[in-house]
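Next up: the structures, one after another.
Same chain, two partners: chain A is paired with chain B first, then with chain C.
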Partner chain A sequence: MIPELGSAAAIVALALALWGAAAAAAGAGTGRPALVLSAQHAALGVFVLVTACFALLSYAFLAFDFSVRYVAINTNLGTPFYYRITGVWGALEGSIILWTWLLALYTLVVILRHRESARELYPWVLAVMLSVMAFFLLVITVAAPPFARLTPAPADGRGLNPLLEDTGMITHPVALYLGFTGVTVPFAFALAALITGRVGDAWITLTRRWTIVAWYFLSLGLLIGGWWSYHVLGWGGYWAWDPVENAAFMPWLTATAFLHSVMVQERRRMLKLWNLALVILTFGLTLFGTFLTRSGVIASVHAFTQGTIGAFFLGFLALVLLTALGLLAWRWDALGAQGELDSVVSRESAFLLNNVLLVAAAFTVFFGTVFPLLAEAVRGVKVSVGAPFFNQVNVPLFLALIFLMGVGPLIAWRRASPDNLRRNFLWPVAAGVAAAAFFWALGVRSALAVLTLTLTVFVAATIAVDFSRATRARLRTGERLLPAMGGLLRRHNRRYGGFVVHLGVLLVTLGVTGSQAWSVQTETTLRRGEHAELAGYRVRFDGLSASEESNHFKVAGAFTVSNGRVLGVLRPAKKFYPQEQSPIAGVDYRLGLREDVYLVLGDFARDGSHATVKLQVNRLVSWIWIGGVVLTLGAGLAILPERKKPA
Partner chain B sequence: MTPRLLRWLIPLSAVPVLALLAYGFRVNPREAPSPLVGRPAAVFALQTFEGAPLALEAQRGKVVVLNFWASWCYPACYEEAPVLERNWRAYRDRGVVVIGVDIQDTPEAARKFVRDFSLSFPNARDTTGRVSVDYGVYGVPETFFIDRRGRIRAKHVGGVTDETFRTNVETLLAEPTG
Partner chain C sequence: MTRKAKFVAGGAVIAAALGYMIYAGVTQSAVYFVTPSELVAAPVVGKAYRLGGMVEAGSLRWEPRALDLSFTLGDGKATVPVRHKGTPPDLFGEGRGAVVEGSWTADGYFRASLILAKHSEEYKAPHDGDGTKYQELMRTLKGAER
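Our next item is the complex of A and B:
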């Protein structure tokens, strides 16, 4: 009964979304507010129904209703409570429901916020959002029905993919999907702008904060994904350039480009066409990402599911790209620039270069990801593109981007005078040079590491220079130090929010550089009581213990870690799930600001007499996660409503 | 080309990319390349659930569809079990035999599976796991198509459909005997 209710709710929601999209478009075309109002009600109905679908599926999970195929695949009687809830979005069908629900939520907020403030664009925005919603509901009802029955119903289910039994999996998909679906809002505004011909700045001003929200959640999703990979997968890394990681990274790159290029349009009335194209591209890439993950077209460790879903997404992607880019071509004449580039040494050109680099990075990632497909289509050979390609191509691009991160915010608009350059960059350049000398003296001999750290210090110094100068200006008006700083952050929240985000990115850079350049590892077999040494740490093997967990059998090793004094006992494990052919690693680690000690259990003797262990000392990795927190603060600051300046 | 027409290159530029992605559907990731394809199939001797001996050698001269399954394998094994049974009934008189090998399973659950789907082709448990190791079975279900001369000719990963079954078996049946 419950599954039938869920299926019915999805079908009704689909009908409502289709009606709403049509009514909103007709209302916009004929100028009849009653139709738009009806579309609004339809959107509300869709939200309620999708919420019901989500709730019903969750109920089926909690009640172990194995007659539902999706439940039987993704849970079993031993699955702990929390993972029965996250199991709801543990695979394709449920994650599409989560996606649709978040999209419905965004639509609701758009209605609440913009039904008065964006009168001309609003009906079309609603039409676009409901159309996208209709597509996802179509997927739910036809291509990936979450409520499909399984007969005969098994007595117990297969269980969630054990790798997904982790707290990171509770938040990672939600954050990522909030990012993906969030991109729909600026996309809908962009299309509305193209359809109505109001391609000026209105749509950009209205969507600025939406874009930051979407961008922020994408960033968060990527970072949590990295954390999950680091502490679950047990290979000591956080990023592998896997097609699915790339799928989430590409829209992040173009969204980042968009966040920067809108400032040029606001300030200089340039890049109208470019901004619209970037939003369309970003939205297209979110669909492409889902296509990639779910079609099975490109081999990936993440691509668990296959089926007709790929064709659905490809069809929708084609529809979106051809329609949106067609509209762009149609409005070509209205998209010329009103301003022009005055000088190469200016903030405009710094932003322009930033955009070129970001889009180039997105393109290389795209190229590397689909290259295996291209090779097979053209030459009929199977190849795979690995991390070396992506690193080699992207590292220089990102170094240049970091450099621009220092230059862009401080250089003058239009044309930078020698005085402007000296005033803003003398100290940061000096700090950068000093840092290079310092790291060299410290014994850092990797040119790449020195260069990255130098650039990082340079950018941090530009931020310090700007902030201290602005603070001093306020101090001169008689304010005290802390209120002056606070007022600065609040009054110019957009600018300083951006700076804080930049600081977060610098910290992530620091973590990536440190872990790439200075991490060390060794693998060794130890008898009980023996120890291994690495980078000043001594790890002693104390024995094995076995335990029967609710849904798996676990063998854990006990390793005492010390560096002169005892730091603690780490217990890396191997987990044996009945539904998996090979055991799943359970890593254990001791995190630190300077370095992490990270242990992975390898083969072991059943009697516990000896075990193989992989021991890693990973340097500075924690700064990646700290950077993520700083980034969160910055994004939060940037989306605060702007204060009206006192007249 | 005039600038007015040139602008339509923007939407057109999406077409080759979309075409490439569409091409991806022609590539079948389930047709797993296996080093075993073309090699003689490893022989084995097991006991069926009824206690009868089941040896691969005894099937020489027939086309063998060797299927690895487990009772906990949802949904693929549940979906392919009726397919295998149906096609076994359809092809058994034409010199085709379907053999099911149950791996990493408990005997009770496995017997229940065979009963639930009324499987009539020979099914046996690989109690030691040797057969699945010999065939490099990575996950269930996996199916090997073996020709009359006892060589592995195709490997299929994931649930077998009617179409997969028929295409592979018809190809092997069409080959001259002897």
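Our next item is the complex of A and C:
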């Protein structure tokens, strides 16, 4: 009964979304407010119904209703309570429901915020958002029905993919989907601007904070994904250029480009066409990512499987792109720039270059990800490119982007005079040179590491120069230091939020550089009582223990870690799940600001006489997570409503 | 040179550099997916391959102290001896599919730098053994990642 209710709710929601989209469009065309009002009610109805779907599916999980195929596959009687909840979005069908629900939520917020403030664009925004919603509801009802029955109902389910039994899995998909769906809002405004012909700056101004919200959640999702990879997957890394990761990274890159290029349009009335194209591209990439990872065209560690859903997404993507291109062509004449570039040495061109590099990075990630498909189609060979390709091509692009991160915010608009350059960049360049000498003297001999650290210090110094100058200006008006700094952050929250984000990116860069350049690892088989040594650490194997957990059987090794004094006992494990063909690694680690000690249990003798262990000392990885926190704080600061300056 | 020409020239330089980087990246890191019979037919020493096949029964040797792993991968038509330094991954075993990444050596064996394995994510009743057919395995293992 419950599952049928869920299916019915999805069908009614689909009908409502279709009606709402049509009514909103008709209301915009005819100027009849009653139709728009009706669309608003439809959107509210969709939200209630999708919420019901979500609640009913959650109920099926909590009640162990194994007659529902999706529940039977993704949970079993031993699944702990938390993971019965997160299991709801642990695989394809449920994750589409989560996506749709978040989209419905955003639609409600758009209605609440913009029904008065954006009268001309609003009906079309509503129409676009409800159309996207209708697509997802179509997927739910036709391609990936979460409430499909399984007959006969098994006595017990298969269980959640054990890799997803992790707290990170509660937050990672939610954050990522909030980012993906969040992109729908600026996209809807962009389409509305094109349809109404109001391609000026109104849509940019209205969606400015929306874009930061979407970007904030995308970043958060990527970071949590990296953390999950690091502490669950057990290979000691946080990023593998896996197609699923790339699928989320591409829209992040283009969204980052968009965040920067809107500033140029606001300030200099340029890049209208570019901004529209970027936001359309970003939205298209969120769909493409879903197509890529959910269609099975490219195999990946954590890609769920297939069915007809790939065709749905590809079809919708084609529809979106064709519509958008058609609209762009239709409004072509209105999209010319009012401002123009005055000089190559200016903030505009720094931002332009930043955009070109970000889009280039997105393109290389795209190219590498679909390369196997291209090669097979064109040359008939099965060939792929792995992490070395992505690293090799992207590292120069990212280094250039870090450099621009220092230049862009400080260089003058229009045309930077030599005096402007000297005033802003003398100290940062000096700091960078000093840093290079310092790291060289310290014995860092990797040219890449020295260059990256130098650029990092340069950018940090530009931020310091700007902030201290602004603070001093406020101090001159008689404010005290802390209130002056606080006021600066609050009053110019967008600018300084951006700076804090940049600082976060620098810390992430530091972590990536350190872990790539200085991490060491070894693999060895130890008899009980024997020890291995690596980078000043001594790891002694003390034996194995076995335990039965609620839904799996666990074999853990005990390894005493010391570096002169005993630091503690690490217990990397192998977890045997009955539904899995092979055990899952349970890594154990000791995190530190300077380095992490990271142990993975390999093969072992059943009598506990010996065990193979992979021992890694990963340098500076913690700074990636610290940088991530700083970055999200900065984005949070930038999202706050701007305060008007006192007259 | 006008400003516009400068920007166009700059754009062209960036595009050319990007194109070159992608081209160089692909040629240096392309990994070819082959089956044992394809590899045996035309082995190129030093070229990067991703070799997929079944671990032949009775071929698996594992020396935990030396971390030496050796086995034979076959596809029913040809077999390839493989050696690897390191622990066998979780899914690994005789009669199961495996994908190894590495290169063909002049000494007549395949040196694997990485052994990849992938779960089938299709629904399976608990404890239903390993009755998976070769074709099915090949399908799920193709392009398997770490």
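For this structure, a couple of remarks:
The rule is short, and it goes like this: the second predicted complex is superposed on the first by the 647 of 647 C-alpha atoms of A that agree within 3 Å, B and C clash if a C-alpha of one lies under 4 Å from a C-alpha of the other, contacts with A are read in each partner's own complex, and residues count from 1 in each chain.
By our rule, a contact is a pair of C-beta atoms (placed from the backbone, for glycine too) under 8 Å apart; a residue touches a chain by one contact, two chains touch by 3 or more.
Keep in mind the model is a prediction, meaning the values are calculated, not measured.
Of the two partner chains, chain B and chain C are each touched by A:158.
Of the two partner chains placed around the shared chain by superposition, chain B and chain C are both touched by A:73.
Contact with both chain B and chain C is seen for A:578 once the two complexes are overlaid on the shared chain.
Of the two partner chains placed by superposition, only chain B is touched by A:311; chain C is not. For chain A, the partner touching the most residues, choosing from chain B and chain C, is C. By the document's definition of touching, of the two partners only chain B reaches A:377; chain C does not. Applying the stated contact rule after C-alpha superposition, one finds that A:473 touches neither chain B nor chain C. By the document's definition of touching, neither partner reaches A:640: not chain B, not chain C. Of the residues of chain A, those at positions 72-73, 154, 156, 158, 298-299, 382, 578-579, 581 touch chain B in one of the two structures and chain C in the other. Residue ranges of chain B in contact with chain A, taken from their complex: 7-8, 10-11, 13-14, 18, 20-25, 27, 29-30, 33, 72-75, 78, 104, 116, 138-139.
By the touch criterion given at the top, residues 69, 72-73, 150, 152, 154, 156-158, 277, 288, 291, 295-299, 306, 310-311, 314, 317-318, 321-322, 325-326, 328-329, 332, 370, 373-374, 376-377, 382, 578-579, 581 of chain A touch chain B in their complex.
Contacts from chain C toward chain A in the complex involve residues 3, 6-7, 10-11, 14, 18, 21-22, 24-26, 28-34, 50, 62, 64-65, 67, 86-88, 90-92, 117-127, 130, 140, 142-146.
Contacts from chain A toward chain C in the complex involve residues 72-73, 154, 156, 158, 161, 235, 240, 242-243, 298-301, 304-305, 341-344, 349, 356-357, 360, 363-364, 367-368, 371-372, 381-386, 388-389, 392-393, 396, 523-525, 574, 578-585, 602-603, 605, 610, 612, 614.
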